[in-house]
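Encoded as structure tokens, here's the structure I'll be asking about.
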Amino acid sequence: MTTTPPDVLRCAYAELVVTDLAASRAFYVDVLGLIPTYEDGERIHLRAVEEYLHHSLVLRQGDTPALAVLGYRVRGAADLDLAEAHYRALGVRVQRRPAGATRGIGEAVRVEDPLGFPVEFFHDAVHVERFTQRYDVHGAGALSRLDHFNLGTPDVPAARAYYEDLGFRVSEDIQDAEGTVYAAWMFRKPTVHDVALTGGDGPRLHHLAFATHERHQILHICDHLGALRRSGMIERGPGRHGVSNAFYLYVRDPDGHRIEIYTHDYYTGDPDNPVITWDVHDHQRRDWWGNPVVPSWYTDASPVLDLDGRVRPVVPRVQPREAEVTVGADGFSYTSPRNGFKLGEQV
Amino acid sequence: MTTTPPDVLRCAYAELVVTDLAASRAFYVDVLGLIPTYEDGERIHLRAVEEYLHHSLVLRQGDTPALAVLGYRVRGAADLDLAEAHYRALGVRVQRRPAGATRGIGEAVRVEDPLGFPVEFFHDAVHVERFTQRYDVHGAGALSRLDHFNLGTPDVPAARAYYEDLGFRVSEDIQDAEGTVYAAWMFRKPTVHDVALTGGDGPRLHHLAFATHERHQILHICDHLGALRRSGMIERGPGRHGVSNAFYLYVRDPDGHRIEIYTHDYYTGDPDNPVITWDVHDHQRRDWWGNPVVPSWYTDASPVLDLDGRVRPVVPRVQPREAEVTVGADGFSYTSPRNGFKLGEQV
Amino acid sequence: MTTTPPDVLRCAYAELVVTDLAASRAFYVDVLGLIPTYEDGERIHLRAVEEYLHHSLVLRQGDTPALAVLGYRVRGAADLDLAEAHYRALGVRVQRRPAGATRGIGEAVRVEDPLGFPVEFFHDAVHVERFTQRYDVHGAGALSRLDHFNLGTPDVPAARAYYEDLGFRVSEDIQDAEGTVYAAWMFRKPTVHDVALTGGDGPRLHHLAFATHERHQILHICDHLGALRRSGMIERGPGRHGVSNAFYLYVRDPDGHRIEIYTHDYYTGDPDNPVITWDVHDHQRRDWWGNPVVPSWYTDASPVLDLDGRVRPVVPRVQPREAEVTVGADGFSYTSPRNGFKLGEQV
Amino acid sequence: MTTTPPDVLRCAYAELVVTDLAASRAFYVDVLGLIPTYEDGERIHLRAVEEYLHHSLVLRQGDTPALAVLGYRVRGAADLDLAEAHYRALGVRVQRRPAGATRGIGEAVRVEDPLGFPVEFFHDAVHVERFTQRYDVHGAGALSRLDHFNLGTPDVPAARAYYEDLGFRVSEDIQDAEGTVYAAWMFRKPTVHDVALTGGDGPRLHHLAFATHERHQILHICDHLGALRRSGMIERGPGRHGVSNAFYLYVRDPDGHRIEIYTHDYYTGDPDNPVITWDVHDHQRRDWWGNPVVPSWYTDASPVLDLDGRVRPVVPRVQPREAEVTVGADGFSYTSPRNGFKLGEQV
């Protein structure tokens, strides 16, 4: 690249198309405790309790569940020009959007990125009250802030190179002895990631993740869904990741969009932060406790829209898939005579 | 029954035969943090941090992993005579044991109970230091006290009747619409249980359970096993039970004996404590979050010894087995279109 | 005593007179998360999330803040007659009350006990939904159940003897080398206490205590009061008690009634449960971390009513007061050169 | 400033002079759980469990307790030259130090900064094992990483300007209506602070802070000190800060050096992160729960050494002191009729 990429601060917001806004509100507001900044019959703008920008999640009523956009915040207004030039040089579709094109967001540059995702860069945004100390409205499962995006993409090394050109660095990845890369975790803010690249058919959104302060907040979300007799929304976890060391839970919203609740990752901000490479055959890589990864976690993901709002076609992964190579190594596999019960032989 | 049963206070200790005492010590002392009261080359006597009797668990070196005895504490010395008379009236084998026959335990009555388990009643026991406030030696996963025994037995209503004659009451059970009872939880001390009866081939010990104060202590045990690369010892959980509402983890010791770590159950001490009956087809009964019960949890259990130290033959369950009837209802089943991923169709 | 005392199960409910029912509701329902079973313009009946009797706390509108009654639940209906005979033999005032005299409570015996407290014994009570697993309505500071009463009384040994005659046992106490008893903890249910006797002017209610499962629930109540800018309602703590080992917080309701939130005590149900005697000069007895006990905690308490609803006169303590003898030993004192900052010399 | 300051990544390590290395080891290793990277009879190099540089704390045996140096890590080797030029332009004493002058640290620039503190800038450092997932050695109070330095300095606005020139930004501060600044929190890594400036006699080290993941880890440290009968080492807390929203504990090491244990602060990395200014008369600014700040916390601090190892003279604060102006507003004060018990009138 000869262009200077924009200075990305962090992942900042996502917009999801949902098919039943009231059902989604019951999930994101009543169960997850996100705070509505704005809502009308077509959209709900939500933020977590420590966020002061207008929103970190927009839910939009539509016919087909999909990811409409991923928003990255850049350091300053000048980065918008850099973003435009950068993506024009990449030869992809680029749009300038005026302030307010998305409520609460200033001028922005939207692109169909080389991986096929609809991505927006913005700096200006409306400030709203930060609810950090509004414990009077914190539920037992309060979410603190958006943490990361996880993207399904067929060619992880190519996606990694694209994000490295955008200034992201790798914290951890999963490979095999032949050098196949199954997934990579990349960051701008000094956490384990702002974006994870998960090898698979893509472009698809694997999940969005919100952070909590402690694990009991994540456990409460499970208890809460149990009380609502909606335990089927719990897809995987809670558990401890090997990669990132974070404590995690994956839930599926009413449209099947996957949300991770996440805590306990670590500081990565020094330039020599050690990169951790996990062997795809290490059965503790995805769950430190060796618990199985359910197949849907590998296979399901949300479609993404192009800049015209049409669902993007999906390109299949050509390289080996993690779920396939880990039969015999993953949680659904024999990892020792003792945990043979984990059913790997049946998948 | 025309005899007066002994006044049982609570489940008090168990003796397990283990095949590698050093390996068992590494698990029970180094990972679970139990405190050795006494140890020699043949035995280790252990207690949890809030216990002041000599031990709540004895590990004994032997050739075959098995449960050697379940100890119930009775209110006073006179209860030993009541116990002897009670079991003689039941027509089962009864032994008086002098003080010290088990180190740290006073005079006792041992029986082969009608369910086939080796059971001891005792009152006197050596007092040792209670480590409640010895936080200098509490690890991050400190266990507070023995909580309950869980027994595999073919005929749950028969076993329940036997324990009711011994003065136990039911807190919760699992049934189906036809009235088949799959499991029952029974208590003397005012918790959900001192003993659980799990329908299955028996007599076998399903598990022993120790209580902690908080969930983070249970989560640490998982993390610890992960760090030791022994995650295969984690069989099921952590999770929230439907029955009992307790937060749980099941681990398997080096011989496969199953230990539950358990917290958050509730007070049951009033005589009108409501009994909760769960439908065997309620997929949240075993895990409030709908997570699957691994098949080994239903099938595996420890053999038990008779009073001569010989392994007891196992009587198969004749009534329907929970794991069988819950294909289609259990975690390994479709409970809704959303949690179809839980693999029920493959079991 | 020659009478047979009633078989008390546990402390069961209290009725407090409050001067502004709406303000009290904001505290007990909105902050502490107690569940209203019934409310009208004069009274609110409340229970904690794991309770199935009609209430464990009644708030009644009145002119003067006071304790109206302490309710102990007895094992059966026959215990009411035993209670009546027991207190008639004690020569104190006794009333039979028909079912429903207090909403939700069956037939009862009320007495002015020898310590001067209005006490009710009852067995029958209306059952209501137990919210144990209603996590959809559990706030971040959910209270599980009423745990104990703490009573101010001038002569602790006399009060202890009275309660021992009623079948209570001592778990812990505070004494000095001269044998003066400053406080005693006594129980029927196998926790550290159903009632604590605190030496001081009496009869007065020192506090009521509710239990939570974990400490983070107690910490949330502090955060919540901070968010409401009502941190002045936090009187003492949070901290770890020496006595009982419980984690505690003392808050004051809008009328100054003191409520403790409490977790982590231990099992006391065996008849040889070791009694722990603390030296009044041990500065960790009241707070394991050596933090100071604020003077108001020693001096303030709620008046109690007689059976006609009049405030009982208070009898002063004659023996040394804990707050006085512990200047130089308590948290407001030098306990070592390092923690001299704890201001003992200034009190 | 016309020089380009070095690009500081974060606060990275401190060296303390202690008078009894064995006593200090018992505190920092046995109680706080820091991991020794290196130790001999003169020095112990320690790190927290998620740190991979050689150390974040050095304890050095000496005659007088003091801070020997504060280490900031810079982005690259070139920043050392920038640092040297920057401080030469400031007219203060500057030293180049070869790699290894401090074990584990590469080439460095040491200065006596304009505030009077001994400060080192370095980039290269030896990497050691990161114990993030070594749960087998994490104690119940595991510390994750060094979080910040807190410095006593007479003139906070001057100190703030100096640190702003070094590229730090303010997250929060405490002022009064007259504009007097009592304290300021400043950061490079996106947390609330790498350095806090506390108005008072200086240069003195107010404290060093280490972060944990959860609050129970902090509470365990209190319990642990109680078990050791060293509760006098607990100076203040645990509690919730108003400023930073962090959950905190202050302990004093055997020489009186103050260590904070700290968790739950928030992300500050966006350039428009809102600055929070607290009123010095807001009694929840230092403790969100309104608990008192003990006087020693305001008055005591560690002396600092110059580059020759001599204790620096202290310059008294001229502006009003927080402890003085908050008599009547602080925790030792009446903040409302209810919390009058907090003893402000007696100080």
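Letters A, B, C and D name the chains as they come in the text, with residue numbers starting at 1 for each one.
Basically, a contact is a pair of C-beta atoms (placed from the backbone, for glycine too) under 8 Å apart; a residue touches a chain by one contact, two chains touch by 3 or more.
It should be emphasised that the depicted structure is a prediction, and the values quoted were computed from it without experimental measurement.
A.B. asks: Please work out which of A-C and B-C is bridged by more C-beta pairs in contact, and write that pair.
C.D. replies: Most contacts of the two pairs: B-C.
A.B. asks: From the centre of chain C, which chain's CA centre is farthest?
C.D. replies: Comparing chain centres, A lies farthest from chain C.
A.B. asks: What's the distance between the Cα centroids of chain C and chain D, rounded to whole Å?
C.D. replies: Distance between chain centres: 41 Å.
A.B. asks: Where the centres are mean C-alpha positions, what is the separation of chain A from chain C, in Å?
C.D. replies: So the centre of chain A lies 49 Å away from the centre of chain C.
A.B. asks: Take the average of all CA coordinates in chain B, do the same for chain C, and state the distance between these two points in whole angstrom.
C.D. replies: Inter-chain centre distance comes to 34 Å.
A.B. asks: Residues of chain A that touch two or more other chains: which are they?
C.D. replies: 133, 214-216, 223, 226, 242, 288
A.B. asks: Tell me, which parts of chain B touch chain A in their complex?
C.D. replies: 215-216, 219, 222-223, 225-226, 229, 231-235, 238, 240, 242, 247, 252, 256, 283-284, 287-291, 294-297, 335-336, 338-343, 346-347
A.B. asks: Note which residues of chain A are touching chain C in the complex, please.
C.D. replies: 133-136, 138-140, 142, 214, 216, 220, 223-224, 226-228
A.B. asks: What does chain C use to touch chain B in their complex?
C.D. replies: Listed in rising order, the residues of chain C that touch chain B are 9-10, 50, 52-53, 73, 75-76, 127, 130, 132-133, 144-145, 189-190, 213-215, 242, 245, 263-264, 266-267, 269-274, 288.
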